[in-house]
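There are structures below to look over.
What follows is chain A paired twice: with chain B in the first complex and chain C in the second.
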Partner chain A sequence: MSEQLSYLGIPLSRPKVGFFELSSCEGCQLQLLNNEATLLDFLNLVEIVNFREGMSERADNYDIAFVEGSVTRKDEIARLTEIRKNAKILVALGSCACFGGVNQLKNRFRDLDWVKKEVYGDFPVETMEVHPLADFVQVDLEIFGCPIKKEEVERIVTDLIVGKAVRHPEYPVCMECKANENICLFELGEPCLGPVTRAGCDAWCTSNRRGCWGCRGPAEGANLKQLEEIMHTYGFSSETILDRLECFGGFASFAETLRAQAKKTPARRKKS
Partner chain B sequence: MKLSCEVNIHHLTRVEGHGNIQISIKNGVVKKAQWEVVETPRFFEAMLVGKHWENAPYICGRICGICSIGHTLASIRAVENAFDLTPSTQTANFRLLLKHMETLQSHLLHLYFLAAPDFLGVGSVLPLTKTHPEVAQRALRLKLLANDACDIIGGRRLHPTRTVVGGFTMLPEKGELEKIRQRLMSSIPDLLASAELFKTFAIPDFSRETEFVSLKGETDYPFIGGGLVSTDGVVKKEQQYRAMTNEYCLKGFTSKLSKLSRPSFAVGALARLNNNFALLHPTAREISKFLGLLPVNHNPYMGNVAQLVECVQVVLDSVQLIDTLLSSPWQEPRQPVKAKKGEGVGAVEVPRGILYHYYKFDKDGKVIKADCVIPTSQNHANILHDIEALAKQYARTGKQDREIELLAEMLVRAYDPCISCSVH
Partner chain C sequence: MIFKVFKKQELARLYELLAVNVIVGPVGRGNDRHGKPLYDFDVVYDFDELALDYTQTVHSPKRFVLPYQETLSTFAVSRDAWEKHVDLNVYRPLVFFGMHACDINALNKLDLVLAQSAYPNPYYMGKRKNLFIIGIDCNPEPQCFCRSMGTDFAIHGFDLFLTDLGGKYFAEILSATAFGLLSQINCTDPGAKDHTLYKQATSGKNKHYTATVDTSDLTKILDLEFESKAWDYWGEKCLSCGTCANVCPTCYCYGVEEHVDLDLKHASKAKSLHSCNLIDFAKVAGGHNFRPKSASRLKYRYYHKHRGFVEAFEESLCVGCGRCGAACLADITPPAVIASVRGKE
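Right, the complex of A and B next:
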């Protein structure tokens, strides 16, 4: 591996990067190791100084911190603040970090004590309402997805290193799905958030005939009211729509409205 | 001679999730030998309450970033058992093939990326790309094959897209399966080279008798569903999983723990192999013998070797599965699902051991109660007792702190723990 990188003849430095995880499945970090074909090239671009899941050495002199997971316990706020202090650029890696992810599904219960009791009985366990990183620290860049798409991460990291602006697609997954020449899942009887979810995954799920659950959050100008109407026209229930909209936290406020309209859903957590 | 030792590891590296090890030895007497799990709980069992059945596999697959396929399949099995839905033979074969490919990729990740650096005296796999490029390349080649196969069958290697209650949303092209078969065949020399490599590793000499729990195979080495068995002679049905796991909470652990006939038991590749050695493919059995692994083996460090034997097992079985799948015309990938009131258990041998999902549904198919018992949570008590025994064994041997620390780290890594999964 060469030590000196250059782009268009201009020498580039290899940034020091660290990978960290709060409450998560650690799958987004795994996705980086899942890059077998391009892993070694990718590793040549950066100098990894902190990656607990993959290596023993640990250092705090990183330029870019990738943080996976959401904040669900008080000690994680302190860890996150410390990481923010050390890093020049803090990247929220994956839907848990960006929106709370599946973890925030527990926020829909009003009573956090009930949540604890349901799983641990009377054994004391500490937890709190689930939050994305941006609720506590400045986040410089978000990488969406559950899981993140490795090709997208590699592109974003390369852009960061060569100093290009990082841009997310503004259009929805539906566009990518059409470009892939898939049959519309609505026609196959499958509910889908493709019309409102931000693209960039190359219609990963819908190309596998699995409806979109909105893990990447809303596209620019997403018309959720219209989506609801279309899905009702195709015969999908409000509950089916809500299950998808509330799954990853990207559509939290609209999901809250839908929940307020529905009568049979579980008790909501009070907003203080 | 040095008779005191202080080991204090905060957030052990090269494992999934957050755990701590503390060992304190004074004048040759073990004062403290502790394994702690400090991972934050995410409360998946509570999240599911009130949710429609189709949410269960989608959400529960996200308990784990390494064995998401296993979680998805256990969840699907629990739902199907609750609804009395029997998957077609075709679906069962595709699921097993997908399961095998996850086992292969997970074991390889552990063996080469997490475990091997200890035996080769480095901190991670990164230096190996320079010092042992052929080893690094081989690891990547094998892992790529497993991940590509997961993509082709499950739609995605992590958090699969095509796996649903009733079957699959779509099937691969036959040509894609043929290619995977070819690549599996050509991976066999790589696996044999892996066996040669692991043969050179010095496995620490440590043994503590324990109970091993796994599925019990009837005619095949077991991975999905069936009876439960332990080396102490306990035999239970899949739906009696609670009698096999006996979960309890303990200070210092955000994960639950389990016990059966003794204060602790072990699950995982070593447990499966100890309980089902005779059902291994003859070649896998030969490799197990070549690596000095015969049942019942009580050395937890041999978990690494057992995983390697299972890599051979799943590759050879996958070739047979593909031959079976390619020899008959394919039916529709997905059966209709009819929800009903009831409860169901799904037991699946995931890479780290036996995993159980349980759901209870109301008449509309909404979750009333969910319970997931994770392999690593079943292993925590065994790890704890092993660390105590390890500390005692080395308390009077004059080893340096760093040597004992490394032995303890390697011990925990040999269980390939998935800690965030165990807490979920």
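Right, the complex of A and C next:
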């Protein structure tokens, strides 16, 4: 750990990093710890000074803060602001931090008090509607995915340390799905957000015959209008599209427009 | 060319003779949502796995000569030096058992760029030179327009080509290896009846084409119609997802990226096939994007296939297999796009 990091004889600094979680399942952090084959190499690259899920010691002198989770309580805003003050680079880790994630599903309900009552019953906790980190602090880098793909985080951290530009794929999941020689799930009769969702996951779900739910958010220039048309051509209802688009929050603004349109022309329900 | 005929049951024997090698062929991949069988190329381990009456594979055989991802070189990095290791990723010859004429022609077209150009690509050459190809005749699918592209039959680029004559196969032999192999199974010279059956098979196939592309003066028409509204129409539909290029048997564009390993002691250079439809395909250092609009990217894909390549090689880069159109969720097909540019929609 103490040996000087270097690449081709050029000394590199080993950044002090901290991992934090707001409202989340902590699954993204677990992903990193799960990667046993490369864990020692990863730990050699960085000096972890704060990682509640992985160690007992805690310090606030970190250069890079990886923050998992979304903001759903007022005290989390204060905590996030503090982390932002301490860190030189703040990384939003995973879909909750980037878009609100699965948590933001509760924003679909108009009456949040009713939601609270449903979930907590007679033991309410203070919560508010769900926000991504960027609603409160400046986010320097986003790492998408639910959960994040550990290989991607390792690549990004390596790039940061050797001083290489960090880049995300701009194209949609279809590109990686086809490169895995999958048969298109639409042809098999399943809905999929692959055509509009940012790649980088190596078509994790679709390669396992699960339609994409868009956890990585929209690809650059995602053609959502065409996706809507495709969904209808393949016989999927507006509600099916909305269920997927609203799941992780990355497509929130488009989903909102779509929902507003759907309200204007409600589909007739068949009497059962 | 040497022609032979042999009884159908001899084909399994031919397979056994070749089975000391890795054999790739068409295999079933279940059914689509309408119950239509799906096929793809894969390594096979038994003659019975082969679906030689396949319609068309979803993906092209491209990946066996041009993998979607390929490590070009690896580096062992030390304090003040590095050691480069190049692996062409060619480990054994491949036998292709049952390739349609369009795909054989596609490989011939790839050769023009990757094998016969001033700078042959060793990664491609290594794999391409180690292919033994058995072609097989086909029945045109609704999306097939190979006849328009002049790629409905193969003149070269295979070792052996089989045509189904009912109880027999009619075999065209193009290599000494194929001749040697056929001498080990029971086959005869074709007789007058076989000639008739072969001619009937050819004319029978020609009656089944439904899709066509009018290629007359196409290079010039594409030049004239650079500003055509048709490009915007299709561009608006395009998902910029790269599916067309990935299923295409001749799309060969790629990007190269270097990766430093987590241990900082190793690095690699890897190639990935790209698509000119991807939003960042024409993005350069500094962030400028030469083709930020999907309409211009889609247009350039057609210009490469049907104009630029034709001017360079006097033939199109498209073999009319129709896979791109069949795979496109937005239903963008070359016959429709070209017809609309020609004003024939």
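Note that in this section the second predicted complex is superposed on the first by the 257 of 272 C-alpha atoms of A that agree within 3 Å, B and C clash if a C-alpha of one lies under 4 Å from a C-alpha of the other, contacts with A are read in each partner's own complex, and residues count from 1 in each chain.
Basically, a contact is a pair of C-beta atoms (placed from the backbone, for glycine too) under 8 Å apart; a residue touches a chain by one contact, two chains touch by 3 or more.
Small disclaimer: the values here were computed from a predicted structure and weren't measured.
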* Following the overlay on chain A, give me a clash-or-fit verdict for chain B and chain C. => fit
* Touching partner for A:Ala97 - first (chain B), second (chain C), both, neither -> neither
* To do: See if chain A has more residues touched by chain B or by chain C, and give me that chain.
  => B
* Asked: After lining up the shared chain so the two structures overlap, which partner does A:Ile83 touch, if you call chain B first and chain C second: first, second, both or neither?
  -> neither
* Asked: So, A:Leu33: does it touch chain B (first), chain C (second), both, or neither?
  -> first
* Asked: What is the angle, as a multiple of 10 degrees, that the CA centres of chain B and chain C span when seen from the CA centre of chain A?
  -> 110
* Asked: Just chain B (first), just chain C (second), both, or neither: which does A:Glu154 touch?
  -> second
* Asked: After lining up the shared chain so the two structures overlap, which partner does A:Ile230 touch, if you call chain B first and chain C second: first, second, both or neither?
  -> second
* Touching A:Tyr171 in the superposition: chain B (first), chain C (second), both, neither? -> second
* Asked: When the two structures are overlaid on chain A, which partner does A:Leu45 contact: first (chain B), second (chain C), both, or neither?
  -> second
* Where chain B and chain C come nearest after superposition, their Cα distance in Å -> 11
* Residues of chain A that lie at the interface with chain B and also at the interface with chain C -> none
* What residues on chain C touch chain A, complex-wise? -> 29-30, 32-33, 38, 40, 58-59, 63, 68-69, 77, 79-80, 82, 236-243, 246-247, 259-264, 272-273, 275, 278-280, 283, 294, 327, 329-331
* Structure fact -> Residue positions on chain B within touch of chain A in the complex are 11, 13-17, 40-43, 45-47, 49-52, 54-55, 58-59, 62-66, 68, 109, 113-114, 117, 123-126, 129-130, 136, 140-141, 143-144, 147, 155-159, 161-162, 164, 169-170, 249, 254, 256, 420-421
* Parts of chain A lying in touch with chain C, wherever the complex brings them together -> 5-9, 12, 38, 41-42, 44-45, 154-155, 158-159, 161-162, 164, 170-172, 174-175, 178-181, 183-184, 186-189, 194-196, 219-221, 223, 226-227, 229-230, 233-234
* Asked: Of all residues in chain A, which touch chain B in the complex?
  -> 1, 21-31, 33-34, 36-37, 39-40, 43, 48, 51-58, 72-73, 76, 101-103, 105-106, 109, 114-116, 118-121, 123, 125, 127, 146-147, 190, 204-205, 208-210, 213, 239-240, 243, 247, 265-266
